[in-house]
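Structure incoming, see below.
Read from first to last, the chains carry the letters A, B, C, D, E and F; within each, the first residue is number 1.
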Amino acid sequence: MELVKAKLITIITERLLRHEITDMIKLKGATGYTRSEVEGEGSRGIRASDFEGRNVKIETIVSESVADAIMQEVSENYFENYAVIAYVRDVEVARGAKYLRR
Amino acid sequence: MDALLSNFTSPIVLAYVLGIIVRLVKSDLEIPKPVYQGISIYLLLAIGLKGGVELSKTPLADFAGPFGATLFMGVLTPILAFLVLRFIGRFDIINASAIAAHYGSVSAVTFIAAITYSELQGFQPEGFMPTLLALLEVPGIMVALLIPHFMAQGKQVSLKKAVREVATGGSIVLLAGGLAIGFLAGPEKFAGIEPFFVNGFQGALVIFLLELGMVTASRLGDLRKVGWFLVGFGVIMPLIFGSLAVVAGHFAGLSIGGTTVFAAMVSSGSYIAAPAAVRIALPKASPALYLTASLGITFPFNIALGIPIYLFISEWVASF
Amino acid sequence: MDALLSNFTSPIVLAYVLGIIVRLVKSDLEIPKPVYQGISIYLLLAIGLKGGVELSKTPLADFAGPFGATLFMGVLTPILAFLVLRFIGRFDIINASAIAAHYGSVSAVTFIAAITYSELQGFQPEGFMPTLLALLEVPGIMVALLIPHFMAQGKQVSLKKAVREVATGGSIVLLAGGLAIGFLAGPEKFAGIEPFFVNGFQGALVIFLLELGMVTASRLGDLRKVGWFLVGFGVIMPLIFGSLAVVAGHFAGLSIGGTTVFAAMVSSGSYIAAPAAVRIALPKASPALYLTASLGITFPFNIALGIPIYLFISEWVASF
Amino acid sequence: MDALLSNFTSPIVLAYVLGIIVRLVKSDLEIPKPVYQGISIYLLLAIGLKGGVELSKTPLADFAGPFGATLFMGVLTPILAFLVLRFIGRFDIINASAIAAHYGSVSAVTFIAAITYSELQGFQPEGFMPTLLALLEVPGIMVALLIPHFMAQGKQVSLKKAVREVATGGSIVLLAGGLAIGFLAGPEKFAGIEPFFVNGFQGALVIFLLELGMVTASRLGDLRKVGWFLVGFGVIMPLIFGSLAVVAGHFAGLSIGGTTVFAAMVSSGSYIAAPAAVRIALPKASPALYLTASLGITFPFNIALGIPIYLFISEWVASF
Amino acid sequence: MELVKAKLITIITERLLRHEITDMIKLKGATGYTRSEVEGEGSRGIRASDFEGRNVKIETIVSESVADAIMQEVSENYFENYAVIAYVRDVEVARGAKYLRR
Amino acid sequence: MELVKAKLITIITERLLRHEITDMIKLKGATGYTRSEVEGEGSRGIRASDFEGRNVKIETIVSESVADAIMQEVSENYFENYAVIAYVRDVEVARGAKYLRR
């Protein structure tokens, strides 16, 4: 068994954007993602459709360059108008080659 | 007056009040989201199914007038709302359009409450009312979203997405799908599923309104933030829209019950379909404004006072 | 004897047994939490609503005696339980109080099962029994939590939090809220929501008890850990409390059905409101002890044997 | 022909079609998983309970024939399916066995749809049919899983796990548990829970099929991948199995309604119990193949065309 | 786009404490948090109210000093009596200034 | 308060394996775990029982040697046949001794 270094990106945002964000990260080169429902409080307290007041948390394991592209895109196109937070960290992945297309 | 008092002790209104109290005393009661969504699916499908079955018995000619009146009011209300918000309320274009979109659309729960109330008061609304409900969802939102577009402040792409969002949104799909199923199945085949969709309806509504009360309570804190103008708007506009709708409904040939329900629909503001669409098309608009107006002000006003008033006006107009 | 056997083949008891078996054979069956919570909300609201409607028909005078009896038993049982646990069972103060709090409070499902059983045996309990249920939740927990407090082992702040937790807990809010709605709405307006809240009640209870059986089974492993004293306590104390309650209920003017339900309530141990309150006020108490006693021992005992026995005693006492 | 058309406008079939459309237009409608699971639990328990109550009224002798026929078909169908898949379809042993396991088992929804359809057409199936349903779940899966085992391609341990998975799987437990409760409780005690489990049944089925339609739609994309052979297999094998089942059922003494339901059961492919068991026992088998066949092809075929055809054949065979 | 170094704290505990803990972390200086429902097994197996047997997982992105304060508080006031686990790690946050009030 | 260095392993896999994996990690020396329901997309798109189409995410805090053993086991016994992803990262745990049996 050999572990490969990779980046784990976490994006927490409004439920409304769940498909849009996953489409975006796939476009940027992610080979997969994991999504779950979360609640949260942040600086804005914006809840578009209050009934589905939940946020989504999207996690994806990617190479450094893909990570950069995704963080860039989030910063440029989502921060201004939507409730969103995004952070990156290093992880070591088993069977890593699979997730690091580029 | 009596009818008004009677409305206050209806289980539906009481459950709504209980929901508000629950939040105010900071109880830890929570209706789990999936339960709330399940009930919501059930209610919309039930409205659609019953409407479809009734529609299958209605001659098309009876339907033409109300159909036209619905389209007319669906275009008129968002424009009126926008003008008032922009030029009297001095809201910016984006926020004025966003709020207007909510009043162009319709609150399904207000619709249901109006049906229930009319029936209890002895005025059976037309069977095709749910068709009008589904119809009214779309144009109002579209008209309001087009306004900033023409004023060159929205983006083409998001408008398209917003229309898609409304047209394929869960509530429209359930309503329209239910209508189609009810229409195709007809009364005989509906009989098998009737106990589930008809007998349980009002009870399920009680739990739904309990949750709605809780959601409303969490909006009350925003009341101060949105300013007195919007509070007044949320009470007075429904009365104006409702009165116009009574006249339009009357001339379109609706019965007293139908006119009442029509007025409740037209005067109500959406808080499910519209917020989602607006969030996509006009992300810069403030949810605090549009959600507080439609859910925190107009909805409780209509449930408690508006609907009885619309019935009263409908009776009065019909008496000429 | 016959009534006892009949109880064993009631769908409710059988569903409970099925739930236990499901876990013992390690089936992967799971009632999703939101479904369980949804049913729980439904059942509590339904009890409250029905109780409220009945209460609106009851003269206040009929209610005074049972009201007093409930408060009396609500204070007596946790003190008795504490003394037995502390001085015979040799539990420390914290754990003795924690367990006593559970027996001071009440299990809503035992209550429902007792109502269902009494009615089936032809003894209609008084309509205001749910009011007593809501009433009994609070004092028992408070009395027991005050004990370590006076013995200077608890903290002021957590007691306050615990009382809040009980008084604004979901189950009390639903029961009391349902009572208020039912009372204000009255029988006529209740009719519309009756099919939902009355016809579905027993069936929903079947699914609820299936889940309860599964939860119980996961407690059975702790039976050995808690020791024989607590097992005996969980069987004998309910019989003592139940008998005292029959006498108190009889003198308070309750019917045979009402006395039976009252005895079931008083003898039962809470496993929803009390655990949450105790966890907050006495975090050092062991959940394994109090949950196993109230849910793993007393609950099944009451459901299977206790309730028929209380009815038997009630009939016997009434025969004097 | 008329019966066929009538089947197309049944609310159940229409809801299924609506579900497919919902996904095709990319609506954001979602039935929350817990709601779907809750309905599923309700439906299975209801089938079991009703079956158990009926069984308690059936003389054992009437049951022997159908019992034998079920075991016989439960062994025959997976073997036949395997042979066709392996030697005509040229699938490898693992995939052929995996698909065969699904056709050896049974789809509970197809079963329910067949019951509903037969009753509507005036042919009441025997009350013990749910017993046969529970019975048929197990042998089919086991036989098919044993095949690669004997051909030394499976592992001992996973077969054991797979059998456990099937026998203690949620659906079997609910069916068998419901049967036992219904049987022990008998008609009188069932009366209390009947409104919940009987009146709501068909309506709940509508929501269930809406979800099933959505799930099917997400399988349709795989249709091309699995190849034409499997598509043909998914339509023709049910017809063959169904016809054999009609003959077997007829000779086992089943009524026309019973024979129809029996044929629907036998011809249907499982998509709940079998996939889980196969995934454990034969992890190398492709889910795209077996799920698409049983859920994407055979299920809609049976619901729309198969069931009316089986009734037609049953009537024809009974006419001799 | 520029990423800012920050601490990500994860606290997993009994559902009962969900409001208390989030109140506490806001008090200590967190500007937001994200919460989800989880199940778990640990050293104690304590489930206060067995029906709601779920735990909550609370995640918050904070500066190093806030992180210390929160971990301190958890250690002192919750470890003894409640089922709780808390851990920290480094992350890089987009639009980081927003979350690092102090 | 003193923080102890440890490994946080995350395994995301098919719901079907939820008990098997938690049993395995306990066997390898983990003293606890936290599990939640997630959705995801990956390289295979395998969903065994499509109705419960959710994955589970299992997180466990362990010592380095236990981490190695668990990652090894996942690589050897699950990667081939099941949808699974596993990654490790460093964390600092409060009350750490408790989780690091060996």
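Simple rule for what comes next: contacts are C-beta pairs under 8 Å (C-beta built on N, C-alpha and C of every residue); 3 or more make two chains touch, one makes a residue touch a chain.
None of the values given here were measured: they were computed from a predicted structure.
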(request) Please give the intersection of the contact partners of chain A with those of chain E. (result) F
(request) Could you work out which chain's C-alpha centre is the most distant one from the centre of chain C? (result) A
(message) Of the pairs A-B and B-D, which shows more C-beta pairs in contact?
(response) B-D
(message) Report the chain whose CA-based centre is farthest from the CA-based centre of chain D.
(response) E
(message) Suppose a student superposes the Cα atoms of chain B on chain C; what rotation angle should they report, nearest 5 degrees?
(response) 120
(message) For the two copies chain F and chain A, is the contact made of the same residues on each side, with over half of the numbers shared, or of different residues?
(response) different
(message) Using Cα averages as centroids, what's the distance between chain A and chain D in whole Å?
(response) 40
(request) Mind checking the centre-to-centre distance between chain A and chain C? Centres are C-alpha means, answer in whole Å. (result) 47
(request) Name the residues of chain D that each touch 2 or more other chains. (result) 32-35, 38, 199-200
(request) Quick one: which residues in chain A touch 2 or more of the other chains? (result) 36, 89
(message) I'd like to see which chains touch which, written out pair by pair.
(response) A-B, A-E, A-F, B-C, B-D, C-D, C-E, D-F, E-F
(request) Spell out the residues on chain F that touch chain A in their complex, using ranges where they run on. (result) 12, 36-43, 55, 57, 71-72, 74-76, 79, 85-89
(request) Would you pull the chain D residues touching chain B in the complex into a rising list? (result) 9-11, 14-15, 18, 21-22, 25-35, 38, 116, 120, 199-207, 210
(request) Please name which positions on chain A make contact with chain F in the complex. (result) 1, 3, 6, 8, 22, 26, 31-36, 61, 89-95, 98-99
(message) Touching residues of chain F toward chain D in the complex: what are they?
(response) 14, 16, 46-52, 54, 81-82
(request) Spell out the part of chain B that touches chain D in their complex, as residue ranges. (result) 32-35, 37-38, 41-42, 45, 49, 165, 168-170, 173-174, 177, 180-181, 184-186, 189-190, 192-197, 199-200
